[in-house]
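Next come two complexes, and both contain chain A; in the first it sits with chain B, in the second with chain C.
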Partner chain A sequence: MDFDRKKLLPVLIGIHMVALPMYTRLPPYVLLLIVAFTIWTLLIISGRVQQPVKFIRMLLAAAVVMSLIVSYGTIFGQMPGTSMVLMLSFLKLFEMKQKSDVLMVVFLGYFLIASNFFNTQSPWIAVYVFIVVIYLTSLLISFSDRLSTTTIQSRIRLSLRMVLQAIPLMLVLFILFPRLSGPLWSLPKDAQAKLSGVSDEMSPGSINDLISSGEVAFRVQFEGKAPAQKDLYWRGLVLSHYDGRTWRREDAQAKSRYDVVPANASVQTIAYTVTLEPHGRDWLYSLESPIAIDGPYDLTRELQLVAHRKINGSIMYKMTSNLNVFNKALSMQERQKNLLLPANLNHYTINFAKEKRSEVDSDLEYINSVLNYFTTEKFFYTLSPKLLGENAMDDFLFTTQQGFCEHYSSAFVYLMRAAGIPARVVVGYQGGTMNPLDDYMIVRQSDAHAWAEVWLGNRGWTRVDPTSAVSPDRIEQGIAQAGLEESRLPSFLVSENSFLMKLRFQMDSFNYNWNKWVIGFNDKKQRELFEMLGFRNIEKSKLFLWMVIIMTLSGALVALWVFIAKGKKEKEDISAYYYGVFCKKLAKSGLVRAPSESADEFLVRAAAVLPEQEKMMRLITSYYHAARYGNSQVARKNRFISLVKSFRGA
Partner chain B sequence: MGARSATKKFFQLPDFSRKPVFNFIAKRIGPFTGTVTLDRSRVYILPTKTGLMFLLLLLLLLLGSVNYSKSLGYVLTFILVGLGNVAMFTCWKNLAGLKLRAGGASPVFAGEKAVFAVQLENPDAQTRYSIAIGHHGEEFEVVDVPSDRVALAHFQVDAEQRGYLQAGRFRLHTEFPMGLFVAWTWIDLSMQCLVYPKPARSAELAAAASHEEGDQSMQGAGSEEFAGLRKYQEGDSWRRVAWKAVAQSADPVYGDLIIKEFSGGRPELQWIDWQALAVAGTEARLSAMTRLVLEAEQAGRHYGLRLPGKEIEPGHGRAHCAQCLKALALYGL
Partner chain C sequence: MNATNANLARASTGLLKQAAESIAHVILGKDEQIRLALTCLVAQGHLLIEDTPGVGKTTLAHTIAQVMGLDFQRIQFTSDLLPADILGAAIYNREQAAFEFHKGPVFANFILADEVNRATPKTQSALLEAMEEKQVTVEGETRALPQPFFVIATQNPVHQLGTYPLPESQLDRFLMRIHLGYPDKKAERELLQGEDRRNLISSITPVLNGGKLLTIQKQVAKIHVAEPLLDYVQAVLEFTRSSPMFDSGLSPRGGLALLNAARALALIEGQDFVLPEHIKTVMASVVNHRLEVSSDELAEQGKTAASYISESVPIP
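Entry: the complex of A and B
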């Protein structure tokens, strides 16, 4: 079968539609090849060049592999694999000879479009994929329309209708298809895109970068009232190792489990559910102090919540915290660890600390005097602090005196340790914004924060936030109210007019529910859903059975409905039917055909009433006779129907 | 509406109806007379090769979604599963509900191909696209049937011998809309086509020619008297067209041909007689007579036919010719 090269154009458009969301992620060589392939295909379509011969195609395939090896160093893995399939689809256009080649490209398109979900599963990509599926399906339609009589609009319409009709079955399958809790085979390393969030180390500037990000870190739904802003310290990671520049977490931490402090019936107990966005790390966030967790997570001695693997997909967990419970875990080893300072650095600071400590009687008083120092001296809270030298603490405390939460917490812990008080840095988020439309709290990357914990003998680990001494508003009202120069704040933190604000909350609310119900629909969620419906502990095999039963029943129902609808619509003879339509049109002008009246008799009567229509009615009647009783010629029958359709009546 | 495609072999499904076990299928296939509605018991459906490829794609997508636990992967996979289902149903509906009637077949000569027409009537609001018709594993034509319209679809059958040729079962099939499924039906509408004997070659005929000289000899043109002009009628000889008069008329189309009429002379008359032919064998004789009829008709002569036990009075024109040929076709059957 000779292939019409003009038909390549819609297929080319289809491949580009599939590839569009990937363009930003594809390396330059691959993009270059795609541009070259596109131009080449356009030349083939316009008839200026022939489809390349097999030898050239093999060379091109080699070029594809080369471009991947140059760009990625390998042809395996998610991105190289996707790029390869994409480019091979372009190559397929060069050897397109028959229908089956086109089908191959369309099927590859269906497959490739799914690879976008590695990168994002946002509602936008979902809508886009929906559109692409409709387009690809319309391509399939155009290739099974053997006479090419359908128009592009009618194909798109049919495709849209079919995809919409597919949605009920999709929903049934989506809800009932048994989900597995883990992967079938190990995932390639690059299966996940780069994610943002608090990192496992803190050096000057690391949190600063997060402040300008409006991305959501997690969302929280409280059972009951949300605590006050000043109590919203979302603990993430404890950093106790300092090398003079960077705070790091201890490697061994995750392994030492900590028995959760038994919950006493305190009024301060807060229950909440966190929907955590993927951040590619293994820790979770909780309010101080976590006392009960629902899920396969460990609580370390430092009260860090740690998952068994990296959070690469949105997860949801239930927590209970008690704001008044203190962590009293401190072994000798831990005491030593939390007193360590890098040697031969920051002599001024160490002397300053010792001096201050000797002036007061207790550790508590010393803490207050340090906080007082931050308040009385000209410390300045800013997002763009001056750079610090080798003796970072000396520079910060006595020279620049300006910085951000990481500077304050870091300096504070340093001063504590220098005075012999065990202390450590905690990073996480502080605050959050309630979404007034949907009663949950949004915690953004811009809420990232660092504070300190000191060991007070009689209380245990006690939170101290030195930043609040410098800029109390940061803690009381959140970052947007911290009294910073507005121009330095990213636009989303600047107070906006209420309409935009509302719109943003609405969008976030949608995102939240999308993540909760669509993206986060896993085996656990599935179980929850069935428990909600009253099916407890439903087995996977049963679920499968239910899926089959519901599908069969609904299929039977649809079939039944179709046959019933068909039975009603049954028209014994098309000519008789259209003669009926003609009579109905006349009935509007008062001419009702008697059941016993023949078509000719009726014509005579009608002609008397509507003489100006007589010619037309005579024509219709004679065509009716011919179509109904004559040696029914196709053209005559069709002409009869057209006449009736165009007949206006009176 | 229908473009005749190059004859193409399509994937042929086992012909169940030939086996007695499948008599119940034969009941659905016919032969029928009058209008046959393709109801659900007559339309079969199976996935095509493309459909199986699609299934493979779905499995791959499902595997990927499970392994990477991508919810939107599941959504895409399941929407394609749904789409496949809808495609199956739509494909089935593209054929089911269609009404079929025999559309007739023009007589042919033995050795030619008989073309049968089938009327496809679409009583529904949606156009039915790309319905192919075929016979004995060969596809002949693809047609669209618009909503509330009737379309003609044709298929060919080799006409091997004279007499009535039964069309037998033919096959309608469609892969619309997505090519993932093929829906088909076998139907016998008791259509038949009259097959005339194969005309003998003129050369063979010359040897056996036996114009009965005398009463059927041609009259010389000169002996006739020109009587006037009249309009062309079917069966008139082209030799008598008054070309000058035609050229002068305003609109020289076929219907306006003008014929010279002669009087005085007797019309050319020829008897084509079974007995008078010196040809051995019934079929050879019939072939020869067929050729004679055709030649006489073409020459514009008046001719009659004599067969054992049957005689057709001399005449001319298309209807007369058809009558003679039919008598030859059905002789002895």
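Entry: the complex of A and C
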């Protein structure tokens, strides 16, 4: 029988459902082909055109490969690979002839929809994947149901039931599957094409761009009370190299271990857990100054926290910080590095700095006089400052006098270095919002900030935030209260609607817990869980073994249950069982009884194929009838069974 | 089933076989329809024959009545036929100075309601109610109809002019609906060459009589129905109710009809239990007029409701 073209429509819908989350990531050529294929398929469904012949299909396949090579330069890698599979699913619609073709597309669909997790692991995508899986399963059901005896609702219901039945096994796999933090999940680069966050260099405007993003940078749960807003300086990266326009981190990372000493006896430590969203870089954020960290991360001499590889998935780490520690000493090399200024630039600024320094006695007084200069002059805190010329510092300090945190911190550090005080720029986040519904703090991209650190001989590296001199509210109350242009801020920050605010916090709380319990369920958590259950020091291989054992056992239990339920029925109907044996013997010679075929109908068909066996088969059928449907079955049953047993088939 | 019963059943089967042969003598080449008509009669149901005029509907009915030895009444339905014309009426008797009930033609063992869809719905329902209740109520007095009571109604195809198609609820009153169809070539040749059928009918000697038929009808209830067969009937009912092909599924009455017809067929075939094959054999005549097919798909595939059910429902 020819494939019913109308049945292509649900398959087409299924492929589009699978592809939906990928559309934003697919290149234009591929999207164009998808549109063309969809229209073509719709024409086939409406009967206006035939399925293309093999030659055309080959051409189309070539076009697909070409479009991928033009867009990606290769057909290997995560995105080109999944796009390829997706396009081939579309192509398969053109040669769909039988059930097995549909099965192939559906199974590719299962694979493709799961591949979304390479890209994002948000709870919403998980919900969507569930919906698509239910739809795909219902497709499988509908194509197994040749006589279309079920309605769409009953198919969806059955599919839902099957998916729900699979959930316990899913949980077993989730809990027991050995977690590998290694190469299995380190994906080809293109998976992280679009991740926002503080970058590893700072030039005018770079932080500015982050302010309008409401995306979450990380979430923090404090053990105990959260520090005051003004103390929430989340250090990310130290930038010490300046070329007149851009601040950069050191090329060669000083991997030497940090050495800090407590400033005084009253050690004020803060313990907290950070759930960091992926940002595609290798550094982590911590409150100053980090003294202990739990995990495979390094603390550099500059008190930067560095991971061994780029953060491409959400991670969680425990930190302890101490607000009152300082570095013991500054090496000669470090001092020179943090005094370096580009040559032949900003002469006014350098003269200004030297003049100011000569007016006062100490470095500390000089710092205060510079901060005072920011306060007394008409400096203006804004998200849209005027552009600066080649002598950026001169322009900023004496002409435009308006800028954002990166302008202030960079000018401040410049002024310090010009006066011979070692200084550096620190970028990271400042502030954070407590989620009132759940006990954790949200730090968003809009909290991105830059400040300065200066070396004071007796106090070590000391944080100075020149922005606080210009806009104290930014530091005291957060970015929303800083008096910035509201149109540039994320809308929810300035929203008046408390319901929306609450909803937003609720959603964030859900996201946080998802990250914490689902995405963040790493090998450590797994170990902790088993320790809680009383299994100490379980090896990964053991865990795997347990998983296999549980899966096998539950599979065996289900099989046993089915077997018992079936056996019970068969015991009642032993004649039905032996009739099945009879049919099986005939099936060997190609005679397969349809489930709806009555024994008489089957007999007629069988007799036509095996005329020499007709008499025997007739006898067996009549005994079967008597044994199964008759009134005094017992007497006939044994005779029937022995007849079936002696039946040789073809 | 004890020995007496078994003998009785065997005797019934023999008589019915004889009856079928006698009928086949008159109605040529229609063995299948004759068997179904007898099944319907034995199952105490009523029969609807739907076909174009002149294919032998009336002859079939007449022959059956003759073979069964039942008193036969024919009612020709026309558009001006009134309920009283069927049921009878109370007429004033001057001599006795009282109303006297004159029984209508419905008071017979065997009724042929010819072209039942030409009468008005009011008249149709008078007959159909009598069929269902096996009694007649006129002027507040209820009178039982004679036993056995069997109605064969014939119906012209609905698209012909001047017809009032029977509503579905009325169709349900007929246990079976069959089509006669044209005779095949050989039978038609014989028909053309042979004697006038009507003369033949009168020459047939009755095989049964009312009393014997009643006994046979009672045998039907004793035909054994095994659990797996009930499972099958229920699967059929469930299938018609859940399949998107039908507007609504079979009623419990439809299920009973299927089972009773299958039992009667088993008796005719000399079996003391019902087989799925029996259900399948009666399926088309019992089910097709009770189900409204909602999709054109079946017709396109050349299937009827019954053949679709028969090949879709697995036999437990």
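Everything that follows uses one rule, which is that the second predicted complex is superposed on the first by the 522 of 650 C-alpha atoms of A that agree within 3 Å, B and C clash if a C-alpha of one lies under 4 Å from a C-alpha of the other, contacts with A are read in each partner's own complex, and residues count from 1 in each chain.
FYI, a contact is a pair of C-beta atoms (placed from the backbone, for glycine too) under 8 Å apart; a residue touches a chain by one contact, two chains touch by 3 or more.
Please read these numbers as outputs of a predicted model, since none were measured by experiment.
A.B. asks: Touch test for A:Leu456: chain B only (first), chain C only (second), both, or neither?
C.D. replies: Neither partner.
A.B. asks: Report for A:Ala271: first if it touches chain B alone, second if chain C alone, otherwise both or neither.
C.D. replies: neither
A.B. asks: Which partner does A:His625 contact after superposing on A: first (chain B), second (chain C), both, neither?
C.D. replies: A:His625 contacts chain C only, not chain B.
A.B. asks: If we overlay the two complexes on their shared chain A, which of chain B and chain C does A:Ser596 touch? Say first, second, both or neither.
C.D. replies: Second partner only.
A.B. asks: Which partner, chain B or chain C, touches the larger number of chain A residues?
C.D. replies: Result: the larger residue contact count on chain A belongs to B.
A.B. asks: In the superposed arrangement, does A:Leu643 touch chain B (first), chain C (second), both or neither?
C.D. replies: After superposing on A, A:Leu643 lies clear of both chain B and chain C.
A.B. asks: According to the stated criteria, A:Leu173 is in contact with first (chain B), second (chain C), both, or neither; which is it?
C.D. replies: first
A.B. asks: Tell me the contact category for A:Thr151 with respect to chain B and chain C: first, second, both or neither.
C.D. replies: Touch status of A:Thr151: second partner only.
A.B. asks: Of the two partner chains, chain B (first) and chain C (second), which one does A:Phe107 touch, if any: first, second, both, or neither?
C.D. replies: first
A.B. asks: Look at A:Leu88 in the shared chain and tell me whether it touches chain B only, chain C only, both, or neither; answer first, second, both or neither.
C.D. replies: The answer is neither, since A:Leu88 touches no partner chain.
A.B. asks: For chain A, which residues belong to both interfaces, chain B and chain C?
C.D. replies: After superposing on chain A, chain A residues 147, 149-150, 573 contact both chain B and chain C.
A.B. asks: Along chain B, where are the residues that touch chain A in the complex?
C.D. replies: Of all residues in chain B, those touching chain A are 2-3, 5, 35, 40, 49-50, 53-54, 57, 60-61, 63-83, 85-87, 89-90, 93, 97, 99, 101, 103, 119, 121, 123-124, 129-130, 132, 142-144, 148-152, 175-180.
A.B. asks: Going by the contact rule set out above, which residues of chain C touch chain A in the complex?
C.D. replies: Spelled out, the residues of chain C in touch with chain A are 1, 224, 226-229, 239, 242-244, 271-277, 280, 308, 310-316.
A.B. asks: Provide the residue numbers of chain A that touch chain C in the complex, in ascending order.
C.D. replies: Going by the criterion above, the answer is residues 147-151, 154, 572-573, 576, 594-601, 625-626, 628-631, 633.
A.B. asks: For a test of understanding, state which residues of chain A touch chain B in their complex under the given definition.
C.D. replies: Answer in residue numbers: 99-100, 103-104, 107, 110-111, 113-114, 117-118, 121, 125-126, 129-130, 133, 137, 140-141, 143-147, 149-150, 158, 162-163, 165-170, 173-174, 177, 179-180, 183-185, 187, 191, 313, 518-522, 555, 558, 562-563, 566, 569-571, 573-574, 577-578, 632, 634, 637-638, 641.
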